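Consider the two complexes below, in which chain A is the common component and chain B and chain C are the respective partners.
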Partner chain A sequence: MSDTIPRTAASGNTAAAIARPGSLYRMSRQRSTIAFLFALPLLVVIGGLIVYPGVYAMYLSTLNTRMNRFIGLGNYTFLFSRDTFWMVVEQSCLFAITAVIFKALIGIVTAHLVNNLPSKGQRKWRGMLLIPWVMPLSLSTLGWRWLLDPTYSAFNWLFAQVGGPQIGWLSDPMWARFSAILVNVWFGAPFFLIMYLAALKSVPGELYEAASIDGATAWQKLIHVTLPMMRNIISITVLFSLIVTFANYDIVNVLTAGGPRNMTHVFATWAFQLGIASGDIPLGASVSLFMFPILGVCAFFILRGVRQRGREI
Partner chain B sequence: MKTTTVSRRKFIKRAALATTAAVAAPYMRTSYSAGKLTLGCWDHWVPGANDTLTAIVNEWGAQNHVETHIDYITSVGDKDLLTASAEAEAKTGHDIMQHRAWQVQVHRDVLEPVDDVIDRLVKDHGPIATISEYLAKDHHGKWKGVPTVVGSQVKPCCSRIDLYKQYCGVDVTKMFPFGDNRDKTLVDSWNWDLYLTTAEKLFKGGYPVGLPMGQTSDAIDWVGALFRSYGAVFVDEKDNIAVDSAETRAALEYAQKLMKFNPPDVYAWDDAGNNKWLISGKGSSIMNPPSAWSVAKRDNIKVAEQCWTHDMPRGAKGRFAPYLPFYYGVWTFAQNQSAAKDLIHYIVDKPQAKRQVQASNGYDLPAFKSYYDFDTWKTVEPPKGTVYNYPPRGDEELSITGYPARPDVAAQIYNQSLQTVMIGKVTQGGEKIDDVVKWAKNECEGYLRS
Partner chain C sequence: MAQVTLNKVVKKFDQTEAVRGIDLDIADQEFVVLVGPSGCGKSTTLRMIAGLEETTAGEIVIGGQIVNDLPPKDRDIAMVFQNYALYPHMTVFENMSFGLRLKKFPKAEIKQRVERAARILDITELLQRRPRQLSGGQRQRVAMGRAIVRNPKVFLFDEPLSNLDAKLRVQMRTEIKKVHQQVRTTTVYVTHDQVEAMTLADRVVVMNGGLIEQIGTPHELYHTPKTRFVAGFIGSPAMNFLPCRLVEHSGALSAQMGGGLTLPVPAERSATYRSYLNRDLIFGIRPEHVTETRSYGAGAEFTMPVDVVEPMGMETMIYFVVDGAEVCARVSPEAALQPGERMRFMADMRHMHLIDPENDGVIEVPASARVNGAATAA
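Entry: the complex of A and B
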């Protein structure tokens, strides 16, 4: 296919004089140039709000505490020698991986439930189930903070009414970790739901009919039809959610501020504590960038798998 | 219609001339030149306190023909810290920025020296609190911030008069009376041992004291005062790590005993946790500025009528009041520096300071001891004299967690909640004191990284 938009034929001497296009004109008529111009606003936004801050953060992470001397990878080697850093790595992984697994499980189960609802009432359910995701996170986390309040927890009040135990939702380190993950799952599961629901709706009905004729059970249909057809969307959703969950700041900051005993700190909250509160911006930048290469490698393999499957289809 | 055309050459020539004139023109460095001055100030939680500051700033603006503008920035979600950091990095923003305790050190390289303002204030009003000086002077001995009235605070005890009498037989109003007639024997008896004994009795009586042990400033502040009164130094002035000491161990052992008599949720309290505890009527004592009392006055007057703010308990090495000063800093990139300094002097000067203290119901505590005679602390009630002892009036020394380490290091001890985490490990976590001290030593080694 030609890379240029076919020009309307011009005839006559005048037309011939006009139709003596310069190279700039030809370039502006090329499809790639038009595509580039359309993408330019987005590229500017990405460059200004993602690439530049990212590169600047990398630069900052190579400076000393007062930001007046280049120390190369000194901040990273320093971090590797700190017990607290490794505790934060462990907690961030626990927080992100557990939350993503539960979000994916809840998302897929709920998507199936909603998909099987009569189409008349489905829209209402879809709308209601999306509420946690469309609410501002800080606001909903504040609501959770009141429910889990160390002294006046609404949940504990309910437990007390039925003679149940009083749980230190935010004061006991293990429960505090659980609470942070719970709120993240509550917030993020609707995203998985809507993505999986869209994927479910795109699975051709003929495949299920063929499977039924072959005598497949519901479980077999799920394993051999639904999940293979949803593999790409599952991969991309998990990747996207993993990145966002690793970078989460609001939930932990509002619920526990990293406590008790630093045992709920994740990369973002600890980076803030080091960088902004304690005045060591380069070290804070190093903490926040620590997951970048790991997530980058994950993204590479997941997206490569998606591309390969796309070609097979 | 006559039209004028400007050629490209003419335009460039005129633009160049205009730019050169603007750059080369002498700038009148005096507040008497009309101009604009912008301030980024902490958004006070006391209703009306911001209005008073605005009125003071506007007065000065009118007198000096300077247009002033204040942005009140909340500390909720650390928005004030973020704004200051962003301005420091971008080298643009307000002319004057209000900074919390450690932030002057954080931004010292982009803050203008204000020794001239300090000299004038000291000459007129006497010495500034040592801790204020410690936090505001840079490594060359230059003042980089002027202690504010607004926001600066101490966190002494705020105790329930009735509960202490009923369960412990202690009359805190007699021990720390309204007026300068203290009984030295009674005051001396208020030490950490007596505090522990009373805490146990109050716990058994169903009204435990509420000492936060989380990672926010109320927890960090009282714990710092406890360690210091035991003589525990984490890192000294010469960068020697001194945390592994008998004094540190003694303070940790004490904390082990004391935390048993606190509600178990103190490990998750934020800065509102202890206030709520007292206001609800469940708690008998907290360590806080009079904000809890102020809110109780509005929401639970019965509790407010029984609140008495008084000195901290004394330890082997003295009696220390947790102090958290705020500062005004002038950015090096501020457009109107001389006017900014003049305005700061005006705001902090005694007549204006008095109005600010009044507007905050006595919450704001100036850095000058000569200001402690303001009427507000004598007049607010109920009960009469409830916050008279809020400004240190006896042997209490102002202190901040992390002192006497150099401020860069102390800022990390403070902001990374080293001391409260240590107590949490020993008490809630059940770890051995030796292991916790070893961990803290390792953390301090990290803080000394330059």
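Entry: the complex of A and C
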């Protein structure tokens, strides 16, 4: 009797000792746990580089210029009363929307052209057309600045040779806006090209054959087969490009630095100008936060469309 | 409704010749099946009729009009693809009506045509669904429906059943046959499955290596194949082939196989075969003509050790080896023995074939010296 009790106690202990690592083991084997562990590095990066600075920017935007007093929404009411702010809103929207539309159009046309090339030469063209996108943006924009420079503009030189007008590419406000959009389109169109080319290649060839037999012309195939099949890719590419273009900094900064008369500033460059260059960090933070709700609304509608179509097809 | 004629049609892809000059006449309302192993050029031929591939040489005539230079939409054909090729973003109704809508048919007529086709195919309740929500068999029906609403001169089917499971395939096969009986349209159907070919076709075209091996009714192909390829391709299990030598013993011919097996040639074939005396030939006989010994029917008897036994239910396949070559016999389940046992077989030599290895042609036997499949009684 006396030795049976310790034995049961001992066996109870071992059972508990086995059970604890067992449940831990089971937990570690669960799919959700594994998924979480795999996602953890990304969560750390997002937390450290996006969530923390984002929240910190919100906090900063509620302080006064010397960052020693809480002023609530004071920075925002100040911004709303400034004409420059509304000009930057207008220019940011104009810049992003116009550039994305042209990038999408050029992307879809070139994707079709490249897709119809014989497969032998196709890789060469694909590679060459991607060059604007793979070059460091600040470098290529510098190149553009020399082409458009008020004094040394290569374009103006060419125009002069044929007796054309001299244009203030970067000094005339309207032309400066045009130039910023032009460089952005030049840089971003290859991204659309490559996305659309991939989407085009994923449309089963049989659908086009079926459409030929159904009597569709090339245009009707584009409207009734290609575009509907690519709608999701188009939406996602447009959304992605809209975000990147809206938040663009390098092109405007290198090309015009916001001038002339702040006419080419977008949110990112103006926020930098106010916050870092002029030293009013809370005001700069408030400007940069304006991008967030605008893009949030765009993303909501575009992704909702994608989800709906995902269910249909 | 139209005839389809192919005149010396050739298709070259770069250096390879996929179709090497074929002639084919398809009568109005006929159901013709192109059959052959993969790479034999059958799909290419169909795609040339559809206009999806250009012909390298020769001409294709549909309904009396040379269509070589016409795009698919002007050939008045409809095609059912292997992967159905339904537009995933359109409903079944939109899929079926797409061609008519492009041709600007009045709405009422489109509706009426689609509904009629849907009734024929029993898919009326699916008209508002999208392809994603349909099973494989239903998608197949929609693909056929899309062809029917167009009311074309010719239906083209490109291996339409190969993506379905075995049971559904048999069911859809019957369905296709039924549809053809209702909508009597000239049909060209491509398959690699000889059972599909035999069951569906008015006439079967057996293709091999870009050439037509033989054209004939299923019955003709089965009982009087013209080449060794056709003899071996049509029929399942395939025909047995054994190298043999034709010898004569006191006026009677017999086929001498390796391994000491000699089978007598029926007397009525002697005249035809005599010129091949003492030549090396290939002896061919179908499994159902090698059976257990039976009290009825005539045949040459011999004994062989059983190698493999495959019970199929209503019959049993028995394999034995003659001089290294495997031979399949179809026996009744009660008569089947176990592997290793010696079994008495009977070969019905009236159904034998002799193949000349020089040209791989089956030596033709006049109809008077042949028994047809139906008339087996002596």
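In this section, the second predicted complex is superposed on the first by the 292 of 313 C-alpha atoms of A that agree within 3 Å, B and C clash if a C-alpha of one lies under 4 Å from a C-alpha of the other, contacts with A are read in each partner's own complex, and residues count from 1 in each chain.
As a convention for this text, a residue touches a chain if its C-beta (ideal position, glycine included) is under 8 Å from a C-beta of that chain, and two chains touch if they have at least 3 such contacts.
Please read all numbers here as calculations on a predicted model, not as lab measurements.
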Overlaying the two complexes on chain A, which is it for chain B and chain C: clash or fit?
fit
Which partner does A:R82 reach: the first (chain B), the second (chain C), both, or neither?
first
Identify the partner contact of A:E209: answer first if only chain B is touched, second if only chain C is, both if each is, neither if none is.
second
Of the two partners chain B and chain C, indicate the one touching more residues belonging to chain A.
B
So in the superposed three-chain picture, is A:V225 touching just chain B, just chain C, both, or none of them (first/second/both/neither)?
second
In whole Å, how close do chain B and chain C get at the C-alpha level once superposed?
50
Quick check: in the complex, which residue numbers of chain C touch chain A?
50-52, 71-73, 77-79, 81-83, 85-89, 98-99, 102-103, 130, 132, 146, 150
In the complex, the residues of chain B that touch chain A are 77-78, 81-82, 85, 102-103, 105-107, 109, 213-216, 263-270, 273, 276-277, 408, 411-412, 415-417, 421, 424-425, 428-429, 439, 442-443, 446, 449-450
So, in the complex, the side of chain A touching chain C is made of residues 204, 206-207, 209-216, 220, 224-225, 228-229, 231, 309, 312-313
Which of the residues in chain A come into contact with chain B in the complex?
64-66, 68, 78, 81-84, 138, 150-152, 168-173, 176, 253, 256-262, 272-274, 276-281
